[in-house]
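We call the chains A, B, C, D, E and F, going by the order they appear; numbering starts again at 1 in every chain.
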Amino acid sequence: VGSIEEFAAEREALNENVMKYAGLTIKRFYGLDARAYRDGALPQKTKELLGLVASMVLRCDDCVAYHVIRCVEEGASDAELQESFSVALVVGGSIVVPHLRRAVDLLDEVRAERGGGADPERP
Amino acid sequence: VGSIEEFAAEREALNENVMKYAGLTIKRFYGLDARAYRDGALPQKTKELLGLVASMVLRCDDCVAYHVIRCVEEGASDAELQESFSVALVVGGSIVVPHLRRAVDLLDEVRAERGGGADPERP
Amino acid sequence: VGSIEEFAAEREALNENVMKYAGLTIKRFYGLDARAYRDGALPQKTKELLGLVASMVLRCDDCVAYHVIRCVEEGASDAELQESFSVALVVGGSIVVPHLRRAVDLLDEVRAERGGGADPERP
Amino acid sequence: VGSIEEFAAEREALNENVMKYAGLTIKRFYGLDARAYRDGALPQKTKELLGLVASMVLRCDDCVAYHVIRCVEEGASDAELQESFSVALVVGGSIVVPHLRRAVDLLDEVRAERGGGADPERP
Amino acid sequence: VGSIEEFAAEREALNENVMKYAGLTIKRFYGLDARAYRDGALPQKTKELLGLVASMVLRCDDCVAYHVIRCVEEGASDAELQESFSVALVVGGSIVVPHLRRAVDLLDEVRAERGGGADPERP
Amino acid sequence: VGSIEEFAAEREALNENVMKYAGLTIKRFYGLDARAYRDGALPQKTKELLGLVASMVLRCDDCVAYHVIRCVEEGASDAELQESFSVALVVGGSIVVPHLRRAVDLLDEVRAERGGGADPERP
């Protein structure tokens, strides 16, 4: 309990400020963004892994952090996350490494805060 | 039977030329690239979808074409591909659209060449 | 009359194919894309210049071509286009140059096809 | 009066250090950078909006901050800025969202520090 | 004799068209671009290798082709080019591979056209 | 003695955490990354300059910092670094400027911490 909730709270506050001034295009974009990750032919967990890899190769730390947390919430195991990290690293190259470092660090923290329970392979 | 086999043949010939001159770093990178998509905690199909979305947001047509073909080979349905395209489009924005157009066009061609059978939803 | 109409026709045909398979997320994204360039506090011409510069720094030839044509349709003069090219070049660097070359070439062609009339400074 | 002036002061100090060691290429580049935004066929306000959108789709927070401040100085209204944000978001996708959040937050701060007066629509 | 000279001729013709309409900012940018690669503390060959790696990780085929040709003109050996390709591939990831394939293919062609002599290690 | 050692220590600690969970693909990638910069046909100093320019045009501050430090360790002079910065700035455009500012600032600090000795031109 700490930095992850702070991350979520700050994100929320900034999004509210965006909405305060946003016109219809920005509002609808936010709606589309949510819609793209809903269950469908692919489950949410897979879609969050897609979002995670896309965020890593585009090297956006905020986006990576958001999707790491969402992947854990959808029950992604460490092994599934590590394999997704591997794809991102091979596609995107060493320029992805600093983001990988922060993603692994955050994942550790997320597991610790939530009792690690989301990954049955962690004691 | 036609442009897709040509695409594969040209890719093959160019890769052979790369290998002819490549040092150990490049050779090993090719090995890692293959390894990242093998079955593991995530099945190959999911990993190919990850590679596809990464390629779309980074806007590499050759990479998109390769992963579209591989996704079909791994049995991805049209719906699964469309949802992956949606994530790529929302993450990457309208700059992805020209690549989306070519990806959908290629997918059509792949289904036609292979009898469409890989997607049970296509007649 | 020629390559510009072909460009538009091919773009149209590919977009129709996208729509044939697209789910709601992709369809709505296309709607948002159109909405973002409508007249508002900023006139369409300015918004098309914004789209042009964004496309140049992201180095998407199809997008650059589309916005060059739209800018001319909205009455942008050569001088306005050149100054927008300058901003894109300075922001994006020499990696933008190949796209600048093709943009200037296309602009020439667009002016020739349409009698150059859109730019009162061209004879 | 606070963080915005700090931002400008730090930027200034770092630029002076760049100049201390810079050769002619870097010095001239700085000159070109200034020149690209001068009044011409397009007014400075439009050019700053072009720079803002380019900075957002390339996802450079420092550049976005600089152009938001410059846009306000050139008299851009909230509506003009929001429509420019919309173009950037649609072109660049959700990967732009974290930068949009910080841009809107900064804009709020700029208006507050300067009495909001630059935008006649704000009370 | 053939495609490489065509590449240079087309590039030349398009650049002349750019200059025909260019304002001072674009003209000066072209001057800076030339200046950055001149002999200095680092020899031209090293600077062309820097330009090559930058072009590969930014994935611009025209720029890669230009710098491959220039590197050969400055006497870069195959081994030096291969090691530069390795750095680009590792930094930029598999998304660089299609550009690597085309770079190696072009290099082969350049060596063939010029008698391979620039690289003493090629017979 | 201070922020540079902290930078190295934090990097080290995060990398150890990456290794704790990493599968074979990520581990081997780290090995490749090290291998790409070893002495060969090109000396390490040149390869570090290649890595530096690649990092600047891809705009990764952590990577730029790492390569600035490595370049100094390999004996790169201020003039060699400035010319490499110039290539990066011209290729990558003004979007590189914030990274240039931080690189020059860090270089100053590295020279100060190490007595400046690595560059014989600094007193």
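Keep this in mind: contacts are C-beta pairs under 8 Å (C-beta built on N, C-alpha and C of every residue); 3 or more make two chains touch, one makes a residue touch a chain.
Quantities reported herein were computed from a predicted structural model and do not represent experimental measurements.
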item: Shortest contact path, chain B to chain D, counted in steps; value: 1
item: Remotest chain, chain A as reference, centres from CA atoms; value: E
item: Chain pair with the higher count of C-beta pairs in contact (D-E, A-B); value: A-B
item: Centre-of-Cα separation between chain F and chain B, whole angstrom; value: 34
item: Whole-Å gap between the CA centroids of chain B and chain E; value: 28
item: Centre-of-Cα separation between chain E and chain A, whole angstrom; value: 38
item: Per-residue multi-chain contacts in chain F, two or more chains; value: 23, 25, 29, 32-33, 36, 40, 54-55, 57-58, 63, 79, 82-83, 86, 89-92, 94-95
item: Chain F - residues contacting chain B, complex; value: 23-25, 28-29, 32, 35-36, 40
item: Residue ranges of chain A touching chain E (in the complex, touch as defined); value: 57, 89-96
item: Touching residues (chain side chain C, partner chain B) in the complex; value: 11, 14-15, 17-18, 21-23, 25-26, 29, 33, 54-55, 58, 60, 62-63
item: Touching residues on chain B, where the partner in the complex is chain A; value: 32-33, 36-37, 40-42, 46-47, 49-51, 53-55, 57-58, 63, 77, 79-80, 82-84, 86-92
item: For the chain D and chain A complex, residues of the former touching the latter; value: 59, 78-79, 82-83, 85-86, 89-90, 94-95, 97-98, 100-102, 104-105, 107-108
